[in-house]
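Next come two complexes built around chain A: one with chain B, the other with chain C.
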Partner chain A sequence: MEEILMLKNVSVFYGEHPVLKDVNMGIRPGRILAVMGPSGSGKTTLLRALNGLLWEEPEAEMKGEICLQGRDTRTMDREELRRRVGLVFQTPQPFPFSIYKNMTYAPRYYGIRKKEQLEEIVREKLMMAGLYEEVKGELSKSALKLSGGQKQRLCIARALTAEPEVLLLDEPCSALDVKASAVIEETLLGLKERYTIVIVTHNISQARRIADDAAFFSEGRLVEYGKAETLFTAPEKEETRSFLTGVCG
Partner chain B sequence: MRWIGTFTKIWAYAGISAVCAAVLFLFGYVFFQGAGIISVEFLTEAPKGLVLGEEGGIWPAITGSLCFTGTAMVLASVPAAASALYLVFYCRSQRLYQAIRLVIQCISGIPSIVLGLFAYSFLVRDLNLGRCIFSAGVALAVMILPFIEVRAEKAFREVPAELVRSSYSLGCSKLYTITRIVLPACRGELVSGIILGGCYAMGATAPMIFTGAVAYAAVPDSIFSPAMALPLHLYLLVAQGSTSMDTAYGTAFVMMAMILLSSLLATAYARRSQNRWKRS
Partner chain C sequence: MRKKLDKIFAFFICGMTVFSILVLGFVIYFIVREALPLFSEVSVLDFLFGSRWMPVDYTGTVSFGIFNFIAATIAVSFTALALALGAGLGAAVFLAFVATERLRSFLYPFVDLLAGIPSVIYGFVGLQVLVKLFLKAGVPTGSCVLAAGILLAVMLLPFLVSSCCETMLKEKEKYELVACALGVSRWYAAATVILPASGRNILLSMILAIGRAMGETMAVMMVMGNANLFPRLLGKSESIASVIALEMGTAVYGSTHYHALYAAGMVLMLLLFLINGLIGLIRSRMEGETL
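And then the complex of A and B:
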C-alpha cells in the first residue's frame, strides 16, 4: 500500500531548540494512526508540520521533506495543503456563529453558493460526525451552546467540509468525559473508510481501541512505529514498553 | 507586615478618590458655569456681537468641529487598521516589526503644533490647497493614527489564536479569515478606537490653527473650505477677555458634552458588539 504522507528526515527547531529530530515515517491511507508519547515529545508539532500550520510561526524552522501523495508539501500552496490535510484541535473551537454557519464557512470559501448544495454538505458531514440527529432541528443555534463532545464533533464535521484527504486530530478527547470520548471514537472508526486519520492521544486504551497503526515519540524522536497490535502487544524498544506499562510519560 | 497591606489599600482608595473627585469637579465646574448660556439659539446660530462671539451661538463651530473630526477619523482609520493587520497577521520579520513599531511611536511623540506646521507648509502652501478642512484633517489624522493603530493591534491580538488557526486549518486564506473572523470579532473595539481617536482630534487646537480653522466662517459646504472649530473658538473667546467668558464656558460645555457622549457611545457600542458577536 502506497503511503499518503511520507516524512523524510524531518526536524523542527524553535530557535536552537529541536522539537522534532530526524523523523522518518510513512503514513498509510485509509487507516487510523495513533501518535503517542509523553508531554513535550513533539506530537503536536508533528501535526502542525504535516498540515503546514508551522509556517505561520516565524520562530519555527523545519528541515527535511514531507510529501503528500508524492509531492513535496513545501512546493504546494499552503491553503491547498491545509485543505487536503485538515486539523482538529485539542480544545474544540467552533466559530462563534450558528452551527449552520460553522459548517458552511469553508464551502463558501471554496465558492459554493447554492443553498441546496450547502444544505446537503451540512447534512452529510454532520451525519458523518454523528451529530446530525442531535442538532438537525436547531442548525441556527449558536455553536457555542453545544456540549463539549458535540462541539468537538462539530469541529470534526467542519474539518470534513473542506474535503480533506487526511484528518489530523490533536488529543480530541482530552477535555471530554468517557461517554463523549466513546462517541468520538465511534465517529473516527466510521470515517477511516474515506479519510486517513492521524490522532495524537495520551490515552493508551483509546489508541488500542481504534488505531490500526501506532507511533511512539519521545523527546522529539520517533522511537517506534508499526502496526498497533504489534506495538501494543510486543513493543521492540524498552522505552515504548515502559511508556505503555505506565513507568514513564 | 499587615500594616503594609492596609497602607497600600488606603493609598489606592485615596488615589482613585482623588482622581475621581478631580475629574468630577472639572466636569461639574464647566457644566455649572456653562449651563446658563445653553439655549436653542446658542446651539443653532452663528456668533455675533461687536466682539465676535460675545453674542449669538456656535453652530458653525459645532459643524466645523464635526467636519474636522470626521475627516481625520476617515483619513486615519484606514492606514491605522491596515498597519495593525499587517503587523499582526503578515509581518514575519521581527526587525521589520520593531522598525514599524518605532515609526508609530515616533509619530505619537510628534508635538501637535509641529504636525500643524508640516500640514501648513506642505498642504496649504506647497500643494496650494489653502486653509481648509482637508488640510487640517490630514494633520489631525497623523496625530490620531498611532492612537487608533495601537487599539486596533491590541484588538486583533485578542482574537483567540485557536479560532484563527481553525480557519487556516480549513484551507482558508488569511484574507478570508480576517474578513470573516477577525474583523467581525473586533468591530466593536475598532469602531470605539476610531471614535475615541475622533474625540482626541476634536479637542486638539494646534494642528488646525494654521491649516483650516478660522475665527469666523459660515457652515462649511465642502472639505476644501475653511471652517470654525470649537477649541479655537473657545481659545479666541477666552483671549478676548471677560466680556465673552459666558459664551466661552458655553462652548466648553458643548465641546465636553460632545466628547463625553461620543466616548460613552463608543464604549457601549464596543461592549454590545462584542456580546452580539459572541452570541451570533
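And then the complex of A and C:
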C-alpha cells in the first residue's frame, strides 16, 4: 500500500537536546495509527513535525525529511501543509464565537462565501463528528457553552472543515470522562474511511479498541511499529512489552 | 490551630474589604454634604446648563453655571482616549505579534517608564513644546483643547499599551496555534480571532483610562488655557478638575463659591460613574452574545 506520510531519518532538536532521534516510518492512508509512549518520548513533537507547526518554534530544529504524498513538506507552503494535515489539540479550544462561526472560520478563509455552501459544510462536518444531532437547533449558541466532550468533537469537526487528508489528534480524550471518550472513539472509527488518522494516546485500552496500526516511542526513538494486533499481543521488543504490561497491570 | 489561623485570615480579609468600601462611602458622603447647600441658592438646571461662571461679585451678579466645564472635561477625555487608543492598540499589536520575546522585554520598561513621569512634568513639556507648536501653527496663545488631548493621550499610553498587550498575549497563546493548525495565516488569526477575543478586556482598560483622563488636573490645566468657553479643538477651555484646583484655594470656607466647587466635584464623580456604567453595560452585552 502506498504511504501517505513518509518520515526519513527525522530528528528534532531543541537546542542541543534531541527530542526525536532518527525516526523512520511510513503512515498508511485510511487507517488509524495509535502513537504511544511515556511522557517526554516525543509524541507531541512528532505530530507538530508532521503538520509543520514545529517550524513556528524558532528554537526547534529538524533534520531528515517528511514527505506528504511523495512531496517533501519543507518545499510546500506552510499554510497549505497545515491545511492538508489537520491537528486537534489536547485541550479543546473552540474560538469564542458561535458554533456556526467556529465551523465556517476555515472555509471562509479559503474563499467560500455562499450561504448554502457554508451551511452544507457545517452540517456535513458536524454530522461526521457526531455532534450535529445535539446542536442542530442552536448553531448560534456560543461554542464555549458546550460540554467538554462536545467541545472536543466540535474541534474535530472544525479541523475537518479545512478538508485535510490527514488528521492528527494529540491525546484528544485526556480531559474527558469514559462516556465522552467512547463517543469520540466512535467518531474516529467513522472518519477513517475518508481520512488518515494519527492519534497520540496514553490510554492503551483505547488504542487497542480503535487502532489499525500502532507505534511505540521511548526517549525520542521509535521502538516498535506495526499492525496494532501484533504489537499488542506479541510485541517484539522487551521495552514495548514492559510498557504495555506496566500500564495495564 | 490551623482553623484558628484561617478564621483570623478570613476576618482580616473581610475587614479590609469593608474598610475600603467605607472609605469610598465616606468620600461620597463628604462631597455630597458639602455640595448640597449650593442647591438652596442655585437651581440644579442653572448649575448644570448655565454657562456663566462668576463666583465673586466684582461686576454685579454672581452666577454659577458649569456647562462649559462639563463639556470641556468630556471633550478632552474623549479626544485623549481616541488618540491614545489608536496609538496604544497599534503599539500593543506590534509588541504582541511582531516583536520577539527579547525585543518585547527590552521595550516594555520604556513603556513603564512613561507611567512613572509626574504629570506636572508632562504639563511642563506640553507648555514648552506642544503649546509653542500650536502657537506657530497659528492658534492664538497656543493653549487649546487639542494640546491637552494630545498630552493626556501620552499619559494614558503606558497603561493602555501594557494592559492591551497583556490581554492579546494571553489570547494569542490560547488561539494562535489552534487557528494556525487550520491552515490560516498568522495575521488572519490575529485579526479575526485574537483581537476580537481581546475586545472585552480592552474595553475594561478604556474604563480605567477614561477615569484617569477625567480626573487629571495638572497637565491639562497647564496647556488648556483655562477660559470658560465651550470647548473647540483649537480653542481654549477649562475642565472641572482645573476649576476646582485653581479656585479652591481662594474660595471662602462655607461660601456659595465653596459649595459650588464641591458640587462641580460631585458632577465630575457622577459623570465618571455614568461613563463607567455605560462601558460596563456594553461589556456585559458583549459577553452575553457571541461575537
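Convention: the second predicted complex is superposed on the first by the 246 of 249 C-alpha atoms of A that agree within 3 Å, B and C clash if a C-alpha of one lies under 4 Å from a C-alpha of the other, contacts with A are read in each partner's own complex, and residues count from 1 in each chain.
As a convention for this text, a residue touches a chain if its C-beta (ideal position, glycine included) is under 8 Å from a C-beta of that chain, and two chains touch if they have at least 3 such contacts.
Note that this is a predicted model, so its numbers are computed, not measured.
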After lining both complexes up on chain A, report clash or fit for chain B versus chain C. clash
Considering only touches as defined above, state whether A:E56 meets chain B (first), chain C (second), both or neither. both
With the two structures laid over each other on chain A, which partner does A:E79 touch: chain B (first), chain C (second), both, or neither? both
After lining up the shared chain so the two structures overlap, which partner does A:L20 touch, if you call chain B first and chain C second: first, second, both or neither? neither
Touch test for A:L146: chain B only (first), chain C only (second), both, or neither? neither
Touching A:Y105, do we find chain B (first), chain C (second), both, or neither? both
What is the contact status of A:F89 with respect to chain B (first) and chain C (second): first, second, both, or neither? both
Going by the contact rule set out at the top, does A:L154 touch chain B (first), chain C (second), both, or neither? neither
Looking at the overlay, what does A:A162 touch: chain B (first), chain C (second), both, or neither? both
On chain A, the footprints of chain B and chain C overlap at residues 51, 53, 56, 79-84, 86-89, 93, 95-98, 105-106, 109-110, 142, 155, 158-159, 161-162
Chain A residues touching chain C in their complex are 51, 53, 56, 79-84, 86-89, 93, 95-98, 101, 105-106, 109-110, 140-143, 155, 158-159, 161-162
Report the residues of chain A in contact with chain B in the complex, numbered from low to high. 51, 53, 56, 58, 79-84, 86-89, 91, 93, 95-98, 105-106, 109-110, 142, 144, 155, 158-159, 161-162
For a test of understanding, state which residues of chain C touch chain A in their complex under the given definition. 174-175, 177-185, 188, 192-193, 196-197, 290-291
Within the complex, chain A is touched by chain B residues 92-94, 160, 162-163, 165-173, 176, 180-181, 185, 277-280
